[in-house]
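Supplied in structure tokens, the structure appears directly below.
Which chain is which? They are A, B, C and D, in the order written, and residues in each are numbered from 1.
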Amino acid sequence: MLDKEGIAKRIAKEVKDGFYVNLGIGIPTLVANFVRDDIQVEFQSENGILGMGPFPFEGEEDADLINAGKQTITALPGASFFDSAMSFGMIRGKHVDLTILGAMEVAENGDIANWKIPGKMVKGMGGAMDLVASAENIIVAMMHTNRAGESKLLKRCSLPLTGVGCVTKIVTNLAVLEVTDKGFKLLERAPGISVQEIRDATEGTLIVEGDIPEMQLN
Amino acid sequence: MIKKTVDNVQDALDGVHDGMTFMLGGFGLSGIPENAISELVRLNLKNLTCISNNAGVDDFGLGLLLRKKQIDKMISSYVGENAEFERQMLSGELDVELTPQGTLAAKCQAAQQGFPAIFTPAGYGTEVAEGKETREFDGKMYVLEEAYKADFAFVKAWKGDEAGNLIFKGTARNFNPLMCGAAKVTVVEVEELVKPGELDPNQIHIPGIFVQRIFQGKDYEKRIEKRTVRSK
Amino acid sequence: MLDKEGIAKRIAKEVKDGFYVNLGIGIPTLVANFVRDDIQVEFQSENGILGMGPFPFEGEEDADLINAGKQTITALPGASFFDSAMSFGMIRGKHVDLTILGAMEVAENGDIANWKIPGKMVKGMGGAMDLVASAENIIVAMMHTNRAGESKLLKRCSLPLTGVGCVTKIVTNLAVLEVTDKGFKLLERAPGISVQEIRDATEGTLIVEGDIPEMQLN
Amino acid sequence: MIKKTVDNVQDALDGVHDGMTFMLGGFGLSGIPENAISELVRLNLKNLTCISNNAGVDDFGLGLLLRKKQIDKMISSYVGENAEFERQMLSGELDVELTPQGTLAAKCQAAQQGFPAIFTPAGYGTEVAEGKETREFDGKMYVLEEAYKADFAFVKAWKGDEAGNLIFKGTARNFNPLMCGAAKVTVVEVEELVKPGELDPNQIHIPGIFVQRIFQGKDYEKRIEKRTVRSK
């Protein structure tokens, strides 16, 4: 079973040379740490920066330089700042190659829910609805089950949706899965996890074809 | 050159009153119009509608107005940093219209540029699109979203000149440029007010035509919401 | 009767303190020369400048600094450059206070035609259609009659329209007229021109109420 | 940082072919992609559709392609500086779609930013709106105009870096920024190509994400269409 860093590590392998990538809050943020050094990648943060760098050194934080999670950041050489209209123009115009975000639920048709629990939690969708409605390559990073042990990969989402039929791939602590017309197609198992364990943790339709390889993390 | 300078925040806010709709720039606490917010608190205006991507934190930014129950309705994309906000929302004291961030940006810019409405894919198939017109273009579904209407826009820029030309800094730019000219009156506070000709005309983010009043702001706290650092 | 400079001079009196003004090609361009020095005015050119100044001195022309008529210009202190989307955003968003442009025909309902003579001349509308569709204060500068001596102030335009019901005021070599619900309302006569001469040169409905004063040009 | 540099105009135009639709920046002869136009002439591509605010003059700019009858269709707002253009148009050799300048700008920017269509008041009640959907918002009529689709956008910038970040100069900016990312492939030529980090990230007009290829242009004539001066 993977921890959060393991999930981020596995997702980092999906980041290809020349990709512009938008990382959501939480596990996705960690992905930046594991992207290969020998490929060219730029990170976009939807509040208005392209070419986002690591956190600043202590004492060099700038209130005018933050990411979408409101964390202080730095800008790399070749970076640019822009307003929120242009930022979402990039997203809506499909110029961002890969979007990685967390989810509370994903359905086997690619629906995603991650912004609201009626009556309990309403923080808002931020940029997530724009991202999932526009991106063509959306990877969800999340735990396979919630704290109560219930599957987060469902036949249909029970929570209010963030977007419909948009998720392409899911990387969890147990598996890598692709969203297909027929359901979640199992691509890889986490180290030490059996197909049966994944089947037990998946409420939605799970498609298992042939031998399922174990993830290669390095 | 048309001069837009006013002497202070009191003059800048001349004409505001209860029940108005305001746009306020900023993302999180970055690039918020601190001087205008302080004055709105001091004036104790009530029954306000505020269009702002976030709602501040409990003791800073729009949180200061929320605490005094000056706001009846918030139009925002993300409000998760503010406990008092959540309390007022869940109790029904505060009306909240949650809008996808890119849609919020586009609806401000549409108001600025005279577009009556825009089509966006964001929110299609979700509760955000409920009751709204949807439409297919090239096989993809879009939601029709109308431009915002507001009485005042409160904007924070880095540098500005007396003609109202503005330059923003870093990610403090965010929604600020989009709100200029998107309300009946646009009030801008700047960290540095300079003479016309001091800013390179090629590097102006927002031309002065979108600005009605500009003033030299003061006492900026520029609070950092989440200080994250790495070790050397 | 006024010459072109006279028309420009009279229109300059319509330019008020604090106005952003868009000047069309031809007579409107001349208006800038006659605006009072003691008021604050900025000229916008729709190709992307606000704060347009006079022509450059010889040897100081810059191919990257032209107006909508493709003439070399200068930028005044406080000027700004911007792209065409923002430029027409200013226009469409009604931030420009006054638009002055030429016309081939104006109708008594405020329709204007100035971009095309079918089969003879098709240069295109440039920014004129955007300007007349958006501006709330549109003054037409033109000769009262065409070269054949026919009235250009008509009951209905015969040429393809540039915009509908948009013209607010007309300044010609003979008169100043306001477009009203009932037709062209005569406001002022050019020096030495009689009401009857204006009536003879106007095909559209002319409203004459009381004594019509002569224009004051200074 | 993602490198976008190519060595020369030939590499920059790799993939162009007959029958394609191109966007070309510039207003009049100001800010036109001179290098790309020369190469298009040399390649002698035929049956092109060109989206460009103007059509050059007889012996410069897009006039060079018109003279060789490479263009089947022009989408422009103003074409009055070109006698050969007028001849081809009146004879029916050239298909011309005249579009209001602000609409042309908006349709490019819509393509760049993923808006499928926009509503504009420009052209309502005129032949430009014939056959198009119109609609009332707040008592005013608007025309629905769909975003452009193009294969290549040819853009001229003043300075650019290897990451594709662009800065334009003066009124040579015009349509150039709006066409970046509005076509499948955006090719930018610059007067000065610099290393990443040399341009202030706060002063970038167009971020590199909208650019696929960038190269150092050469032999710029930068012809002035109407030289007007005043005496000292």
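The rule is simple: a contact is a pair of C-beta atoms (placed from the backbone, for glycine too) under 8 Å apart; a residue touches a chain by one contact, two chains touch by 3 or more.
It should be emphasised that the depicted structure is a prediction, and the values quoted were computed from it without experimental measurement.
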Minimal step count in the chain contact network, chain A to chain C: 2
Comparison of B-C and A-B by number of C-beta pairs in contact, larger one: A-B
Label of the chain whose CA centroid is most distant from the centroid of chain B: C
Computed distance of Cα centres, chain D from chain A, in Å: 36
Chain C and chain D, separation of their C-alpha mean positions in angstrom: 28
Junction residues of chain C, two or more chains touched: 49, 75, 81-82, 85, 88, 91-92, 134
Junction residues of chain B, two or more chains touched: 106, 114-115, 120-121, 168-170, 202
Chain pairs that touch, as defined at the top of this document: A-B, A-D, B-C, B-D, C-D
Complex contact set, residues of chain D against chain B: 106, 114-121, 137-138, 140, 142, 146, 167-170, 202-203
Contacting residues of chain D [partner chain C, same complex]: 27-31, 53, 76-81, 86, 89-90, 96, 98, 100-106, 108-109, 120-128, 158, 168-178, 205, 222-232
Residues on chain D engaged by chain A in the complex (per definition of touch): 1-3, 111-115, 161-163, 165, 181, 195-197, 201-202, 204, 207-210
Chain B partner contacts - residues on chain C that touch it in the complex: 18-20, 40-42, 44, 49-51, 75-82, 85-86, 88-96, 134
Chain C residues within the chain D interface of the complex: 45-49, 54-58, 60-67, 69-73, 75, 81-85, 87-88, 91-92, 111, 119, 122-130, 133-134, 160-165
